[in-house]
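So that you can tell them apart, the chains are marked A, B, C, D and E in the order they are listed, and the count of residues begins at 1 in each.
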Amino acid sequence: MFEPKIMCFLCKWCTYAGADLAGTSRLEFSPNGINLRVMCSSRIDPQHILHAFKEGADGVFIGGCHPGDCHYVEGNYKTLRRVTLFKTMMEQLGLDPKRLRLEWISAAEGKKYVETMNEFTETIRNLGPLNLEEKTLTEEGVCHE
Amino acid sequence: MRVHYYPGCTLKEKATNLEDSTREAMARLDTDLVEPEGWTCCGAEYPLITEKIHGLIPPVRILRQVEIEEGSKVVTTCAFCFAVLKRANKAMLDNPTLHTRVNEYLADDILIDPTTKEKRTHFESYNGDVQVLHLLEYLRDEVGLGHLKSLVKRDLSHIKVAPYYGCRLLRPQKEVAIDDPETPTIFEDFLNAIGCTVVDFPFKQECCGSYLSASMPETSNEPSYRVLNSAKMNGANVVALSCPLCYYNMDTRQDRIKEEYLEFNGFPVLYFTQLLAWALGADVETLGLDKHLCDPRPLFDIKQNAEDVEVNL
Amino acid sequence: MGKPKFAIYWAASCGGCEIAFLDIREKILDVDRAVDLVFCPCLMDTKYEDVEKMADGEIDVCLFNGAIRNEENLHIAQLLRRKSKVLVAYGSCASEGCIPGLGNLTDDEGICRYSFEESPSTVNPEKVHPQKSTSIEAGELTLPGMFKYVRTLEQVVDIDYKMPGCPPVAAQIWAVIQTILSGDLPPKGSVIGVSPKTVCEECDRSKDEKRIKEFLRPHEIGEVDPDICLLEQGLVCNGPGTQAGCGALCPQVNMGCRGCYGPAEGIKDLGGKLAGAIASVIEADDPEEIQRISDQIVDPVGTFYRFSLPGSILGRKI
Amino acid sequence: MKDDGKKKRIGVFVCHCGVNIAGVVDVEKVAELLKDYPGVEFSTDYVYMCSEPGQQLVLDKIKEDKLDSVIIAACSPTLHEKTFQSAAELAGLNPHQVEIANIREQDSWVHPDRDKATVKAVKIVKSMVEKAIQNEDLEPIKVGVFKKALVIGGGVTGLQAAMDIADQGYEVIVVEKEPSVGGKMIQLSETFPTLDCSQCILTPKMVEVTRHPKIKLMTYSEVESISGFVGNFKVRIKKKPRFVDEDKCKLCNECADVCPQIVPDEYNMGLSFRKAIYMPFPQAVPGTYTLDMESCLGTLPIRCGKCKDVCDAQAIDYDMKEEIIEEEVGAVVVATGYDLYDMKALGEYGGENYEDVLNGLEFERILSASGPTGGKVQRPSDGKVPKNVVFIQCAGSRDPENHNSYCSKICCMYTAKHAMLYKHRVHDGNAIVFYIDVRTGGKNFDEFYQRATDDESILYLRGKVSKIFKEGNKMIVWGVDTLTGQKVEVEADMVVLAMAMTKADGVPELMKKLKISIDGNGWLAEAHPKLRPVESLNQGFYLAGAALGPKDIPEAVAQASAAAAKVGALFAKDELMHAPTIVPVIEELCSGCGICVSMCPYGARTLNAVRKVIEVNEVLCEGCGACAAACPAGAAQQLNQSDSQIFSMVKAILRG
Amino acid sequence: MRVKLKIGENEKKFINRVNELTGDNVYRCYQCGRCSASCPMAQEMDLLPNQIIRKVQMGQEEDIIGSKTLTLCASCFACQGRCPKGIDIAAVCEAIRHLLEPKGKDFWGPDDVQPELAKELPQQVLVAVYKKFAK
């Protein structure tokens, strides 16, 4: 079975703490995602997402605080704005926008974190591998033989 | 000026004084009232529950006809018709489900053009684009109260009018209201413009008993009496209104009110359009003043000839 | 010792870079005095064989413009790499892929299908496409094979410097030539002919904090204020992320920077970074409102990656 | 980077956490695999890293192997990051060189599969190594504190806060926009549930404040702007001209006697009149007259001049000008209070049209011995003693459809007080209270309410009044008693509305300037509703009193003291320490496009238009990184979380 | 009288149907009674408007069936206009009448109009009252 690689960027105050809560509650879930802790989801820009895809991620997850709950007042709205525009670009670039997921998960929502991770892993599993490995010219071949 | 005008059934039968005075006044304002071709009853009551969708068909059909005739707005004087048309229109604007269902129903209509006899079977969906205006709004927004004031030909300052809004012009606020439901001023502003003395009274937006006068006739006596009495207590010598039903409850039924309230000895009730037409110089015959149960004619200085009077404005 | 040997070559490009080279005007005479131009198809009739006959490293400096679209481009790129001591990716096509690089939003087949079948001006019922080789009486005619995607020069051969711009402005070209002639070469891998900051540095418009409620396309804006930052007026401008050096030519004429000088030194992916930056300042918190405003940027990939798609992280449509 | 080209020496310590980690993750294997990872100098596993010997192990290895960065692969950083930072510091290592790899909460506890959990642990640790390779030594940012506080608002909350700060030995400036301090409380007659006289308890405090050597009172003044940051604010205060010299004024009242201009008296809620030159009330602080220039007949073009002529003390100066006073402070207490909801909005209760329909504060003035009727209950229209008084609760409150959705909290109690005080004054009168719910949560509150019903026979009817109108000289009240199911009509002589509390006039505009957020109702938003109830998210700003939402006097005073204690805690330090993981600007790359400026919710980034670069106030920067993500030039890089670090970590996670 | 409160399937169905038909939620009502205080017909009613809502909240359909209130509402919207939650009680009454129709509950029919009134009543009254109360 295809095991997707998922890159997760989590805000320190809410989603990362939610992931910790999932741990203290011993909620089991699929291990496909690995977390990178940032101070705020708004630290992440499309470059990081593109880089993750390029380095082999099949899906990218960004977790932030619920609107109105951001530790930095409104960082999550900035993330939302970036993700909204970037999803349009993903479509143009042939990347299924479903491969990027932005979700608001609070420090109290360990269960939601687990459900989201399982669900997202399944989504990506169904989409299949991304395979962005660079092809060499010879592999690629030329057009009009 | 030419504008679509929806009179409604009652005005053609029982409330001819409202219809006639409206037409007389509007003619004097150089406004040509056009009735939408083949109009029907609007349904009188707007269906309050979601499943009674059939109640929306007649008003939307009327509005669509206005649009077919390239009208952008429709004016009414009957407060009941106004409320139904306005709410139906709002539903077509705001409620996608109703919009779809009503338009699906209306798509099957067949329309025969009365002049060409051509049959029409295809209709664009109606999207709530026609503006529904009460005549008071039309006078304020399209004619302009300042302009109206300049056209006044008679002095009405001795007529102390209590403006009675009733329910249908003010509620529900978000769907219908032509003004703030608790502290409206549009009627007062209009009366001031035509030179009446306005009397404020606390019952101007209380219900008169409405259609209960048909189902439980006695129950409407008290609310109607309280309105009339309050107007009187506050120093009015006439109540002005815009709804044929309120008029029925408060004028036509006055003998029954008298039976219940012995101290009550009658109080005149007028349509606002009668005052308007009179102010604009109409002949007294056009106002239908003889139709009233409580004769309002003493209020009108019948001899006053519009051309002879210098109105001090 | 003789004069240093110079070469200028064009691969997949429009030829604008050569014109820009000539745009240094009378200074071309100084160049001619200083160097020996040994290969430049635009100016002189040197054959490929002549180059092949040269010794490895015989050319001192080669300015290579154009992207790598086909086998011929690749062949000459590899050839010139061997023959040149210093190979410069000259102009936006060679450094980042430029306009030809937007072909990477489809592939070779897509391009050919559109050009030879679908474009509105084409009538081609037999669906004839160019062939790599065609036999005629006189013999075999060949065309170089087209690659699936466009690549930058750096992606196929080792390069020494990048000099971006579509085209590089004349003043920068002259400055680079002077530097090269002086022999005081910058470290390998440098981007030359630029300044380290972004186009905003060279743009004289006043700038303030940005909060954008509406994006407008140039034809949608009535009057452009000549003194205020274009972005603040709702016109998408790539200036904030684009390497400086051009002198902010586009913003001077009320046109948002297109981004031809490529990503600024501090960033990796111009399109992604610009999209992130510009989306950040959308003045809305409601998801639908954000979507509405963001949709006003028509073709965001074409806007933000206009000159840099092949050189970007993804490089092409997946 | 710290190591100028020199390779970093990193130590990796993998914790078993008993069986918590080791029971699932093959910790030996993790430590073993990491040994060869680039940058790693030393790698081991240990049963309990957080234990004394575990920490000692880290400490020793740092010294022994000259490690310049350590990774602790253990539980969540929220638990022991501080612990290991302290241990590392003991060994002479900068605490910002310590990284925690979370392999318990986010690995062993959630993934029971040994192989998968081990693979994941390795990746997590590798990503932290990648981060550590580029970590720099960072020192906390230190900033001095200007130990002087500003209190905005001179009501009971502001005065209490000022006193409490001043008593701790710090200087305080109190800014009040009205001519006198005292706020709303000074207008009250008596206070619930003790019925002690409001003026009797507040006036001494007002005087105390003026006498306090550490307090500077600025009445008739408003805060224009505040710039700077915690510990170092610059305040501009607009001092409106009073046209009377406070020091010279002898309070003889001659000026008011001759003044021909009569205007409604604010102190008495417009129920009486004052002159254009006036003292708001006899105990006003500061004790001086104020000439209200808006009501004055005018000093130009023909000066009336009567007041000036009679002033022997020559205290009146028509040429007094508005002044801007600049002050430096280290902390600000915002105590801007509340206002009553506008009666005009309640059209069904007559708007403002009926003289005998009063709001709560107006009735307070009628009850007050210093009020327009000298404490005698008389109705405003004709001065008659009202025999039937209706009190209506929730006027404008708990009405999301038309007015305010919230409960104004104090009305139940003050209505009981009003009805009770009315009965004390008019023994044969009837008091009827219409209520929806009576909420008496507070010390001795319900007892007070019971007194109202038990001892004073006040009739409580459960139902919300729908309409009030005038008939003759009576007010007709249409209500309902939902308990018997009857529609009720009451002929009242007077009606008192328990009017909703609402945001004070001008507060949203002021808060916008101070960058203090307000909620949907216009109340100030606390940093955290439970744990930081008197702080603003904007550091150095403390919030207290009814500006945060409806509350009674003791609650407001408690918040004032709490805010003062917070200010004291701030001022107790000579320097503030600030986390150094901020986002500075790399000036060589920054061209001053201005995009990052609006990213910062703290105003830490400003554009220097001349130099065309962004300047960062590192004290204000909280290190969220929103600007770093937005900066299109890559000139904003978060310290120890740069783009380059994120790229390396992502790579390690995905390819490691 | 003691009532055994039961909110079972039937009751829930009734409550849900009322909510569905009005597009609102009767549980939003916090029983302040302002609708009843506003109602021009309240003095004639056996159940006040707020009590009707209360009965719906409690699922007591049977108690409402016989109530005069349902035919005393003139939909003047005074209740809705002043309701702190903006609940349309006229619509609730209409919904209940609608639900009771299939149960054979007869509110009003064309034959019920008094003959002497039939001649003088404005057309709109007849249409309105039939629409409101007729089966």
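Remarks
Methods note: contacts are C-beta pairs under 8 Å (C-beta built on N, C-alpha and C of every residue); 3 or more make two chains touch, one makes a residue touch a chain.
From a predicted model like this one, the values you see are computed outputs, not experimental measurements.
Any chain bridging subunit C and subunit E, meaning touching each of them, is among D; the list is complete. The chains touching subunit A as well as subunit E are D.
The most centrally placed chain, judged by C-alpha centroids, is D. In terms of the distance between Cα centroids, subunit C is separated most widely from E. Centre-to-centre separation of subunit B and subunit D, using mean CA positions: 53 Å. Measuring from the averaged C-alpha position of subunit A to that of subunit B gives a distance of 61 Å. One finds 36 Å separating the Cα centroids of subunit A and subunit D. With centres taken as mean Cα positions, subunit C sits 71 Å from subunit B. Each of the following residues of subunit B touches two or more other chains: 181-182.
Residue numbers of subunit A whose C-beta contacts span two or more other chains: 45, 47, 51, 74, 78, 82.
Among the residues of subunit C, those in touch with two or more other chains are 267-268, 273, 276-278, 280.
According to the touch criterion at the top of this document, the contacting chain pairs are A-C, A-D, B-D, B-E, C-D, D-E.
Across the complex, subunit A is touched by residues 76-78, 102, 104-107, 109-113, 116-117, 120, 123-124, 127, 517, 537, 581, 599, 601, 622-626, 628-630, 638, 641, 643, 646-647, 649-651, 653-655 of subunit D. Those residues of subunit A whose C-beta lies close enough to touch subunit D in the complex are 5, 7, 17, 19-20, 22-24, 26-29, 31, 34-40, 42-45, 47-48, 51-52, 55-57, 71-75, 78, 82, 114.
Residues 346-348, 351, 467, 469-472, 476 of subunit D touch subunit B in their complex.
Here subunit D touches subunit E in the complex through residues 348, 394, 398-403, 436, 462-467, 478-482, 485-488, going by the rule given at the top.
Looking at the complex, you find that subunit E touches subunit D at residues 30-34, 36-39, 42-43, 47-48, 50-51, 78, 82-86.
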